[in-house]
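Look at the two complexes coming up: chain A is in both, with chain B in one and chain C in the other.
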Partner chain A sequence: MKTSSLPLISVQNLTVEFGTREGPVTAVRDVSFDLARGETLGIVGESGSGKSVTSFALMGILDANGQVAQGEMTYSGIDLRRASPRQMRDIRGREISMIFQNPRSALNPIRKVGLQIEDILREHAVAVGGHARRQAVELLDRVRIRDPEKRYHAYPHELSGGMCQRVVIALALACKPRVLIADEPTTGLDVTTQKTIMDLIRDLATEQGLSTILITHDLGLAANYCGRIVVMKRGEVVEAAPVDVLFGAPRHPYTRALIEATPRRSGTVRALLPPDDFRHGQPDPKPRCRALSAPLLTVEGLTKEFGAEGSGFGWLPWRKGVETDKAFRAVDDLSFELHAGESLGLVGESGCGKSTTSMMIMRLLDPTQGSVRLDGEEISAIPSSKFARHPARAKLQFVFQDPTDSLNPRFTAARCISDPILRLGKLEGGKAVKARVEELADLVNLPLELLSRFPHQLSGGQKARVGIARAVALNPSLLILDEPTAALDVSVQAVVLNLLADLRAQLGMSYLFVSHDLNVVRLLCERVVVMRAGIIVEEGATDQVMTTPKTAYTRELLASSPEPPPTLGALEAAE
Partner chain B sequence: MADVTAFKAGVKPRNHIVYILTENPVSIVAIAGFAVIVFAAIFGPLVAPYDPLATNVAISLHPPSWDHWFGTDQLGRDVFSRVLVAARLDLMISVSAVALSFVIGATIGSAAGYFGGWTDRITGRVVDTIMAFPLFVLAMGIVAALGNTVENIIYATAIINVPFYARVARAEAAIRRTAGFVQAAKLSGNSDLRILATQVFPNALPPMAVQASLNMGWAILNAAGLSFIGLGVRPPTPEWGIMVAEGANFIISGEWWLAIFPGLALMLTVFTFNLLGDALRDIVDPRQRT
Partner chain C sequence: MKSWARLRMVLGRVGQALPALFGVIVVTFILTRALPGDPAVYFAGPAADEASIQQIREALGLDRPLYEQFVYYLGDLASGNLGVSISTGQPVLEELARRLPASLELTLGALLLSLAIAIPMGVLAATNPGRPIDHICRVIATAGVSLPTFFTGIALVFVFYYLLGWSPAPIGRLDFAYLSPPPITGFYTIDALLDGDPETAMAAAGQLLLPMITLALFTLAPIARMTRGAMLQALGSDFIRTAKAAGLSQRVILIRYAFRNAMLPVITTLGMVFSFTLGANVLVEKVFAWPGIGSFAVDALVVSDYAAVQGFVLTMAMLFVLLNLLIDIAYTLIDPRIEANG
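Moving on, here comes the complex of A and B:
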């Protein structure tokens, strides 16, 4: 960090309000921070903390109903709050540029990526004609895109998410800005991609002497790439400190809770809870082990191919011999076992076939080949469309990744939970069903008065609880959890993971935990299976896979997930 | 923008409707107009000052006056009474036609969207075939073939409207087919038909209701159009289309009120239903909930 008398960006007492029909709502209150030259500043907070709004205000791109109510923002002496739209247009892109969360939506889908970079260069009159083209290729090369001449002609849909984000970075850096604001640049990308993108941003920042503001919900990520971190909560800055100070001696209880809730390579589920929770520091709930002799779930040679069905017109005489698209093997000859009371983690990056596998076991998708046996009974032969009324249906349940999407917007929470009971439960009469729903709500710590609410009136964590209550309503023997916490804030994730650990101890279910994050899977599973491109690359006890991984891929996966520095408490405990 | 949404409190439905109405006063006009039309349809025959069928050649073709607000026609019938009484028949035809096409279109559309595959292909082609005809000519053909009755006008209007509902329903069902809550319903042991009826269809209903309201004006116009060219409702039954058709003959000779007033009634009704559709869309569209 270079020390300079004058900060490059200075934000003083910024307050941003949004006009809504209930009157003005303050999204950001009294926020102050400075960004020095060459510094990387992290702004960390959970959803609703106002971290994005702060950066939008800085860039002058607030929504029409938002306005800066108070405070000063300056960029190397220029008053950003009072700058004319024309001045702001010049500053944006040329002086301060921004990278957004979803790279694909930031690119024009019907224009070649190379041309999009050229557009920016021309717009800011940095280069013209053939020169612009050469510079565009150079920029693609600079963001480490292989074969930039060829990629120049690619459309966004022909590139992977990580590649698109590189193009977006190239766009952002095209006019050699001095400040880069990266708003959740790697959310939605795989951990290995996340690492390469973040390393790229860091390297480019050093090369070009950029100052960077990294906005993220991930404290671990910020700790690894930033010098100083500003922690925000509900629109206010709760703490701002250099990384080692922040982790060594967090002053604010919220910071401490956030640090505790960030999953690490070691530590217990209980330790994720905030320090003032009575369960913090207690030993983890032990899963109720049942007879380990017969496997609960046996998967053998499971294979799924997509795209082999053809158009359905193959029987026509003139279609004979016309080759259909080659089938894509999403899951290739997969075999594993899961015992009663045991929890197995299924880990891999997007596209590795983990979701397809869980859908096939769940009997929502028909496998191309292979067998799935539950309690010794072959269930893969029953077509998925007929499985709804099968007796095994109740034994296999699922917790969805997106708690919002998995609840019918027109059903109340109680109606959502009661759905499986009404269809498959053996309860008679409305009273018995109501009693059971209340019992389930109690089990997942959902206040009973929330049962009459609709999904849009519930928070993310509450919706996740409704989803879990629905999944355990029929006392299933196997619960598949598909990234159950991926859409949640870390503090809510901590609560949900603890709930899942408690439920397993109470109800004695087996979990098949599908996730991309080994640090989360580790907390609940004794055994993990690492998948890549439809096949198993490594399988073993969680501790062993985490500490002594056998394959290069697992090692890469482990190295990519950002590990926050140890807290003072953890250091003391180690001594 | 996720940061902003967290600040929004849950808005109660009633507040939402009040908000939409105050934001867009035109919707109040639409609702008021709708009330007038419904009133005329229900109480028209009771409040009409004259018998709409009573002829009195002595006062034929009188221009509008205090006794006869809209004047009288060639047989001396009171135009105002006829316009008022006709509201019921026109509304009846269009409401039944829209209801019929709504039910048929929603059923085949949501089935096509939900099941996909061959169901979708076959219904899709059938719908495309209907759309391939000039719709009004198709309606004319249907009425001409089936016979000149009010029921056949309803059937014809319904058939030519089915594709619009089928398409909206198909699109709405198709995007929800893979939604998490539909998968969750399968895991809860719901059969496909039950999922379609209890999970997919209710969520597709709001945009379909908007479509129905927008379609209503068109259905009235269609029914009137059929009568205008002599298919469907027969004289002397009061009906806007037929009144415009009969009155058109007198415009050249200067008796404009015969055609203008039923035409105005028709226009205002269609206009009201279109405005109502817009208001309804504002109310049910979640994107309007800012």
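Moving on, here comes the complex of A and C:
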């Protein structure tokens, strides 16, 4: 037995390269860190920081074109870099396990989850025959899956995302490993699910004496569950420190920027920007509030049912009266108002009906019941197929969640932005359109030379700007923002949120901000509506909902979102 | 509970095939009515006068309204009456029943052979993308599909029968020296084995081999390409990464995780491949004097034997519907993700 002071995992000067057509690309450069026994280490970084590649290299599961170019990796004294494939296979799953992002796709879609657990038990000869089956059910029980006997027979598509992640955790812990690497384990899950999954991982780790590496983009999450954090940027470690030191006195400007950009329960939009941005300390832009005017958008008794029409064979005589699938009410008797110049947040977890609501207001979906009035004009009666050409359409614009998928890959940025102008605008002639597109690009701080590029040649933040420029092209009075920053890195999110705040102040639009994250919605909206299962649970001024929530659900929602510890600056300001 | 739902789903698929079958019957009915020429004139012969033509027209029911004719047509179909082939003088149904097994034996044999070669080839190519083996597989598959079947057939006959003498003469299903086995399945090789006559079985298999290879070469490409693509996609998916991270062995990952998932799209393409194999069959049967329904149909078409052509079209169409039904059912049973009303 070696001394316990020896790290369990040690990575020294790790460099990973990927062979591409343009020659080798270094994804990870000179990365070093140690993982002590029983420790929880966070590796935090934005996309492209090399945090996942580091863990893949550690596990020896890099893609075929990737290779460790330099450095040493040891696990409990074993040289991982020079271990034989056979040795590595024994280490994977039995000594070091890994769980992944997108739990649903991380499971074999056509194999029962119980059998997938059994596969691993058998592979490592932990259990055989009927014993393996019993153990698989036990494992499902241990990750707090209710009714494990029944769930053993479930296929991944029959389980929710959170359930799938529990199964993946069961897979990872099946052979009682000593190290668990969790790569973005809760990205894409709801905040309340995120909390239960993270708590589960923490509890199981304590129970089994696991050392954990948590890889995440979310500094707040890492701060809540890790003892020490390694911050990575573009393949390099910029800073490694215990949590309180990291937040109390970040040494690297990037760490500082990352801490600032993480949305919290308080603070301004401007404060999200990096400290060296000249706007950092400035007060937030003031919207031109006209809250006393007549409501811009009135939603009354809005209801959407799915599956109510039956199977399509209802007209057949022998299908008459046959009970078809029960109609599912995605949105149930929803009513709210939005005044000109005001911003309203629509908050809830996935499946709460917030996106369905925004689609009905946008007239992309026909409501089952209820009315939507825009500027006093009833628009819910216009069929969704006709609304695209309706004059009221120009007043309503939409910014989508995925900046990549919502842009036509064959259109240049300029063509994307000009699309609504050409369809609904009154501008004549290429010159006028071009001038307007350039004006819009200026408005969203998109460099003009990027206008001739195609979406795949733009970064995520630039694509988000193109989407926003396109949405404001016709000077809409209402902009519906459906999770506009959910797919972006926090530093980019900070910039985009500031841009949205500026645009609102300049153009006097109203926002309907749809999001799962109260901390983000809070930054732009004066009022919020909290939805759950198609109905409004709570409605009120943002500050009031954030500080003194009236319902248990809102309280749970607030408690679930991880709050990073206060920075030194914030502490000083409080004194 | 669950198996109930599956059974209901399967029955649902069968139910969905019925309208397609009915459509096939309607189309063949209209097809024969739309063909140029008056069948009554045709049947009456060149020497007939107006009165006798009218008489035949009445006898054939051609003076009735179309819907009534259709009802008669349905009645005939139900009783298995497909008319008489004028070129052979035999009832079309008997003719087809005798020839269909020959065609099916050839087509299914070719398809099995092709699968046995193409799937391992696709898997090999997918597990070694960009390596020499991948390129070799591509070349073989491309060559197979670019050579017309009649050419490959004749080339094979030339080499293996004429030059090397390894293969029997391309004169149909069985050499004259053997008696055809008692019909049980209609497939000579299987029937002979069931009859306990391995010698005849070998002879039949020998006759079958060259045309089978000819057809198999032709169908290699789509199956191999599809397998390669599906396998590459499966190997690149997240659950393979999970399996690797859990330390599963290469064999389990490749077969149980990647291959089974990759087979789903391949099964779907099989229906399409089968249909064009049947098409290619016509030429191969001609080259090898194979007494199948393809060569029968070509002969019938040449001499305007409408009853025979109609019977052929009907049989082929039914075959397609049934095959696609089988593939659908197989898919429903294999892929748990297909919902009951999906």
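Just so it is clear, the second predicted complex is superposed on the first by the 569 of 575 C-alpha atoms of A that agree within 3 Å, B and C clash if a C-alpha of one lies under 4 Å from a C-alpha of the other, contacts with A are read in each partner's own complex, and residues count from 1 in each chain.
Assume a residue touches a chain if its C-beta (ideal position, glycine included) is under 8 Å from a C-beta of that chain, and two chains touch if they have at least 3 such contacts.
No experiment lies behind these values; they were computed from the predicted model shown.
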| request: Check the residue A:Arg92 against both partner chains and state whether it touches chain B (first), chain C (second), both, or neither. | output: second
| task | Could you tell me if A:Ala271 is touching chain B, chain C, both of them or neither one (first, second, both, neither)? | result | neither
| Which partner reaches more residues of chain A (counting touched residues only), chain B or chain C | B
| request: Kindly classify A:Ala172 by the partners it touches after superposition: chain B alone (first), chain C alone (second), both, or neither? | output: second
| query | Is A:Phe100 touching the first partner chain B, the second partner chain C, both, or neither of them? | reply | second
| field | Partner chain in contact with A:Thr20 - chain B first, chain C second, else both or neither | value | first
| said: Per the contact definition in the header, classify A:Leu446: touching chain B only (first), chain C only (second), both, or neither. | reply: neither
| Does the superposition put A:Glu123 against chain B (first), chain C (second), both, or neither? | second
| remark: Contacts from chain A onto chain B in the complex sit at residues 18, 20-22, 25, 27, 47-53, 63, 65-66, 312, 362, 364, 385, 388-389, 393-394, 396-398, 400-402, 405-411, 416, 419-420, 423-424, 456-457, 467, 470-471
| Residues of chain B that touch chain A when the two form their complex | 1-11, 19, 118, 179-181, 183-192, 199, 202-203, 290
| In their shared complex, at which residues does chain A touch chain C? | 59, 61, 89-94, 97-98, 100, 102, 105-111, 119-120, 123-124, 155, 157, 168, 171-172, 174-175, 311, 325
| note | Residue positions on chain C within touch of chain A in the complex are 237-239, 241-249, 252, 256-257, 260-261, 264, 334-337, 341
